Amino acid sequence: GSDDSDSGTSSGSSGSAATSTPAPKSIKVGLVTDIGGLNDRSFNQLANQGLERAKSELGVETRVLVSKSNADYVPNLSTLAQQKYDLVIGVGFLMADAMDTVSSKFPDTKFAIIDVDATGLKSKPANVSGALFKEQEAGYLVGYMAGLYLKDNGGGTAGSVGGQKIPPVDHYIAGYQAGVKAADPDAKTVNAYSQKFDDPAPCKEIALDQISKGAKVIFQVAGGCGLGALDAAKEKSVQGIGVDADQAYLGAHIMTSALKKVDNAVYDEIKAVQGGTFKGGDNTIFDVKSGGVGIGDTNDVGAKYADQVKAIQDKIASGELTDIPNTVK
Amino acid sequence: MSDVDDELPPDATVAARLATYVRAGGVVTPLITLLVAFIVGGLVVLITGHDPIATYKAIFNGTGLNWFFPWVTGADRALAAVNLQQTLIVTTPLILTGLAVAFAFRCGLFNIGGQGQYIVGSVFAVWVGSSFEGMPSLLHILFAIVAGMLGGAFWAGIAGLLKALTGTNEVITTIMLNWIAIWTGNYLFSLGGPLQNSNPTQKDVPVSNDVVAGARLPVFWGDPDLQGLHVGLFIAIAALLVFWVLLNRTTLGFEVRAVGFNPDAAEASGISVARNYIVVMAICGAFAGLAGTLDVLGWQFRIATNDIQASQLGFFGIAVALLGRNTALGTFFSALLFGGLITGTSVRNLDPTVFEPALATNLTYMIQGLVVLLVSTDVLVLYLWRLRRRKRPAVAEVSV
Amino acid sequence: MADAPALELRGITKRFGPLVANRSVDFELRRGEIHALLGENGAGKSTLMNVLYGLHQPDEGEILLGGEKVEIRSSSRAIGLGIGMVHQHFMLVPVMTVAENLVLGAEPKKGPLLDYKTAAARTRELSERFGLAVDPDARVQDLGVGAQQRVEILRALFRGAKVLVLDEPTAVLTAQEAQDLFVVLRNLKAEGTGIIFISHKLNEVLDVADRITVLRRGEKVDTVPAEGATERSLATLMVGRDVLLRVEKDDVKPGETLLSLTGVSARDDRGLPVVRDVSLDVRAGEIVGLAGIDANGQSELIETIMGLRKPDEGTIMVAGHDVTHEGPRATLASGVSHIAEDRHRRGLVLEFDLAENLCLREYKSPAFSQHGFLSPKKMVARARKLLKEFDVRGGAPETRAGSLSGGNQQKVVIARELNADPQVIIAAQPTRGLDVGAIEFVHRRLVEERDAGRAVLLVSLEMEEIRSLSDRVLVIYEGQIVAEMPPESSEEDFGMMMTGGGRGVGKDSA
Amino acid sequence: MTPAKQVGWAGVALGFLAFFIAVPPIMVRSPVVIALVALAGVTAGVLAVRGGERRLGWGAVVAGLIGIAGGYAATQSGETNLKSVVVWGALLASTLRYATPLTFGALGGLFSERSGVINIALEGMMLIGAFFGAWGADVTGSWVLGIVIAIAAGAVFAALHALFAITFRADQIVSGTALNLLAVGITGYLYVQIYGTDGTPDDLPRVPDVNLPIKSVPFFGDVFGSLNLLVWLALAMVLVTWVVVFRTAWGLRLRSAGENPLAAETAGLSVVRTRYLAVMVSGGLAALGGAFLSIGFLHTFSQNMTAGRGFIALAALIFGRWRPGTALLATLLFGFGSALAQALPVFSPSGAVLFQALPYVLTLIAVTGLIGRSIPPLALGRPLPKS
């Protein structure tokens, strides 16, 4: 019984909130990470940052549940739903099935899931919002910068190190390679997957290998493993490109980073729920235009090309530049 | 009773060693072992600035074992029920991976390959479980279980075969087989891999097909949709029984124990040691394979490549078996204990203000390590034993 | 104090739990004396010496060296005090060379490195000085027992032993080798070394010792001068009563051949040939003794017969069946019983209870299992019967085999093996480590089995046992049967054959 | 070497030659030539089997078959692909990096096992070294001190193994397993407690590379031109270990403790002390391997970052028959497998995951096949009998 009255009041108030935006309503938001954990220096961490921001700026009550294994997904999601959290956010495409199950069980709770197409969920739940990113656009931007750099330095190779061959990774890499080619049609690209997201050693070996074969830029798309790739760049004094979060803090060898603003996505979803604009059964696309993906801080080398890249960014935002590939051949 | 330590010949097999400890300490030893492990763990918690009692209490409540307390009522009780279901879901494979280690120990073998066998078993199970749609449910489940057990048996059998034929140390081979299983499994479900799902909307996801509804194990407690407790628990308990009967009431078990205690004597009485190594490893693999099968059919329903790299249940089996002293009952209780530790330290149950869950996970490892370390000697108990004997003057002096 | 004894033990008591291995033992060794220590198995001789060498700490009593009280907490202390010991079981590192073994613990060095050249040179020097021939660069694992014995003695001398303890040094030696050893001992004695000499062989003791101390059940009985003592008087001191070990048996009436080996050859674990072209027959109703010095291929020969070791060549027939490549199970099934030479290693599963041990051969037979399921009740019932029949004391069917005393363990093995109604019995060292009563029991049973028409192959290192039980004796040397002799042949003749005298080749001098 | 043995080894060599000539720089493109060479290897193997060298002979047969398979695959793949995979210089440099932690681990294991103590806890000791190396370098700001602290931590942790294995006479495999779990727990706990969610700092002091003025020398420049100091140290340690174990008095004592502890004891040595020292040296060396990972190579610590390398080191030790030189070869074999696995995906991206299993398959084959049963120190795993 209490379920109904709860959701009744919340939907009622959100209706009015849509028009008048009074003082933010205090809602409860739960976040369930995937097994990467909170310090993955990647999207779990970013999601948590978004949550923290919402907590301080929007005054929402938050709780984070870290999944230690896939056995935790369903209980974690459903525990938060049962405890009447207004919004439960799941992170990562591996949680898709669990999200599907739990959201169908709790039709009155709102769910959001990062990196999953909500319309593709098996039971087509109407209370799940998917947050999808056009990683290829970010990849294109950093690739473009890499290509410009190569061109200025007598051409050469742009390397990339992926974790596993999965969609978000390939989006980045495909965009990156296209960007490189666009800036310097003579440049070559190499790519390899480490098959791991946690152990930095294989990524570093791959990067070293690419560097030994002439790569002058290394783009990592492999989470914690990729830090090894960037370390190789540092060691061999070539340019490194970070991923997801802004990894400029790693040192002056980081030319720039391809950003995937999971924090913004989380923040936006929370804000939408609070503001009553939450829309289930559909996806929110985060792209250059919406500021959901982009390019991070640049080092001295990258700064030279910032304007040119900015121009490209504008072109993408304005829809002038489309059909950036999202699959790696 | 003479001092257990002096009874042991220096080249005693692991099986003989543990048998001696069981004789010496009975049920008291594992309990003291546990107590010490938890005290040491608590000290670590204390030293690093947390409250050990509150931590342990929170962990305990997280296991759902408080469900058994009649004074826990209302929402707490509902939560406890859910937690207990999760604990038992984890206990189920732990029992089986524990048996996979225990059975090998009884034959004098150290099976570190439970993880690989678990993976191979689950791969077979998910393949059978997600194919053959429309098969009668019971038949389908049985089919999947048999397939999973055979898969595990095959994988462990390799180590048994190599040990039997070339004398290669099973510790090394099972470790290698673990890694090979992990990577082969990853390959099978990776993009373009032979067992990657055929669902068009998921063609970009490195995950298997779903186990069809008919091949899923019925849930008997909790919400079937929200990972309630499936009947696999009973299958695991039945496996404990099988383990006991096999070991103590069959000629095969007789051989296994004889080989475990003294392979030379066994061989001299006509028992084929090599054959036993192969058979025993295969049975161990079947247990571990069943663990993977029950997980797949009971709640997991699919395997993603990341699941394979992240799973640790096979390794936990070592601690389960050792703490349980390789006995059926002991294995059950230690599986329950570790199942409880795993769920109890999960973030869902452990309030981060009491104790940071990331720390708690590592605390579990530490406690596990301490338990195994203490079991490896039962040093404490032996020590107390000797102390007591020293205090008590020699009762009667016997001349040679 | 020049006239103080080289060594004095006063009131040494050593307990192992409730067992008192030494009770208030006094012992004195003079300079330049060979002092024999006598006693039955388990009398506490080795224990006393281990106390002296620092391997055990005495519960009571004190040790005086040259009149000075000393505490010996470790063997390095003992070595430092000039005590050397040659142990009953050799204490050498098989994979290392003689020189390395010799210098272990007092290595000559060149800078930080081991100076192997000096080590070898000193070995050679010492070996020449005392007439103990060894090759410094040979690996110990390739040496015969006699040579290993010499290495042990050299090792003690290398460390400057003034008091030398030899624990049953002649047990593994032939009569001739023993005589050679005695020459060395007399030389050492002349140089002033005090020697404690342990042996079970009364004639040797009378031959070489100056004084003799007898232990019985951990207590010192007496110390007597060798002069005037006789074997009989010593035996009485040792056992506490008159003894005469004599096995009564009827004349032999051999029947058909039950065990037959033709041209059997086999290798040891390292792949070296140890059994060479052995042919032998054992007929129903006879006991054939296989005499030989330890490690001349006896163990491997038995393993080959039992199917535990694959022969390179030859055939093995049991009661007309060819079991050469059949493996242990089929060999047992064809009617062979095997009293293993090491009951702890091959004979028993110590962690099993007696009922299980007694079923080790037959657990698969329908009498004890159906469709692969055991029936413990039947196993226990049978065990109860056998334990009574074979007079196993201190054990019920549920008792763990490991908790029985050695003699009773041996009875369990014998009960199981004889109850299998065998045609052929292979008895390897069936009385090793047993007391007099138990030995009598085992001997009586073996003779009974022979009289019942079974073929018995008796393998033993004890010449006394071989001679008193066997109807025929085969001598094995370096894996070959070198002679067949009647049991009445003299000890010297046996010794000659057992050392290769029959072939004129010495193994250790090589 | 008996003639059969020579034939056997020749067969093994021919098998590998068949593969070798198919790849750059030689790149024979004719499958027939490859097949002929490999078949010669197989034939030699069969001959060796006939001559009584069964295991080696079969090893040669297997090598020949691998040669055919690998060589044929090479002739069928594009030259560009081949050239990009088989760049011997890069491949071998990578091999050395993969092998270095394993070499330290295997040498550590050698000390312990030669003294009679099974060391399955190498994995844990490496992990301890990896963490304390990083932590030490971080707090002291010096990689030298980081290494020192790693070694000390490894030795202390190993002392725990010694305490249980030697003093308490525990089953050494079981207590080793326990230590591995404990190491994961301890390092994970400290890592989370000290570094929280930020991870180790990014300016962690690094063990420097040794840059030799041979950069321009073909091949050698690529392989040895700029290796990490610890790689060189690992190679040096192989020699040092050999000298210590086989040429010094302490080495003699160490080996005697592992072969016949009672003999050592009666020679007046303290087996307990020798074994303690050996196990602690073992811990120090294994920790050095871990430190190479954290501050020599990757410049970060992550939880459970040794990822099974300790076990591989142990396998290498066994495969190498408890001798430093052969153990090094074994680690190089494994390192080569890993390096190759990393390079092979060029051929088949979908099979890329499968290639990851390559080093483990190689180790498995190596441990069981070719070399045959290695005979461990006689007293390995046996506690000293109580007196």
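Going in written order, the chains are labelled A, B, C and D, and every chain counts its residues from 1.
Here is the rule we use: a contact is a pair of C-beta atoms (placed from the backbone, for glycine too) under 8 Å apart; a residue touches a chain by one contact, two chains touch by 3 or more.
If you're wondering where the values come from, they're calculated on a predicted model, not measured in any experiment.
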- Message: Let me spell it out: compute each chain's centre from its C-alpha atoms, then which one is farthest from chain D's centre?
- Response: C
- Note on the structure: Note: chain D sits from chain B at a C-alpha centroid distance in Å of 30
- Note on the structure: Per the C-alpha means, the centres of chain A and chain D lie apart by a whole-Å value of 38
- Centroid distance [mean C-alpha coordinates] between chain C and chain A, Å: 77
- Hey, how far is the Cα centre of chain A from the one of chain B, in Å? 37
- Note on the structure: In chain C, the residues touching two or more other chains are none
- Touching two or more other chains - residues of chain A: 38-39, 165, 195
- Query: Counting only residues that touch at least 2 other chains, which ones in chain D make the list?
  - Reply: 349, 353, 356
- Item | Pairwise chain contacts, counting only pairs that touch as defined | A-B, A-D, B-C, B-D, C-D
- Message: So in the complex, the part of chain B that touches chain D is made up of which residues?
- Response: 5-6, 8, 10-11, 14, 17, 44, 48, 110, 112, 162, 166-169, 171-173, 175-177, 179-180, 182-184, 186-187, 190-193, 305, 318-319, 322, 356, 358-359, 361-373, 375-377, 379
- Query: Considering the complex alone, what residue numbers of chain C touch chain D?
  - Reply: 50, 53, 55-56, 74-80, 85, 87, 90-96, 100-101, 103-107, 109, 112-114, 155, 159
- chain D contacts chain C in the complex at 243, 247-249, 251-253, 255-256, 259-260, 262-270, 378, 387
- chain B touches which residues of chain A in the complex? 34-35, 37-39, 64-72, 74-76, 78-79, 93-94, 96-97, 101-102, 104-105, 117, 120, 164-167, 195-196
- The answer for chain B against chain A in the complex is residues 82, 86, 89-90, 183, 186, 190-191, 201-202, 204-207, 210, 223, 225-227, 299-302, 304-307, 309-312, 342, 346-348, 352, 357-358, 361
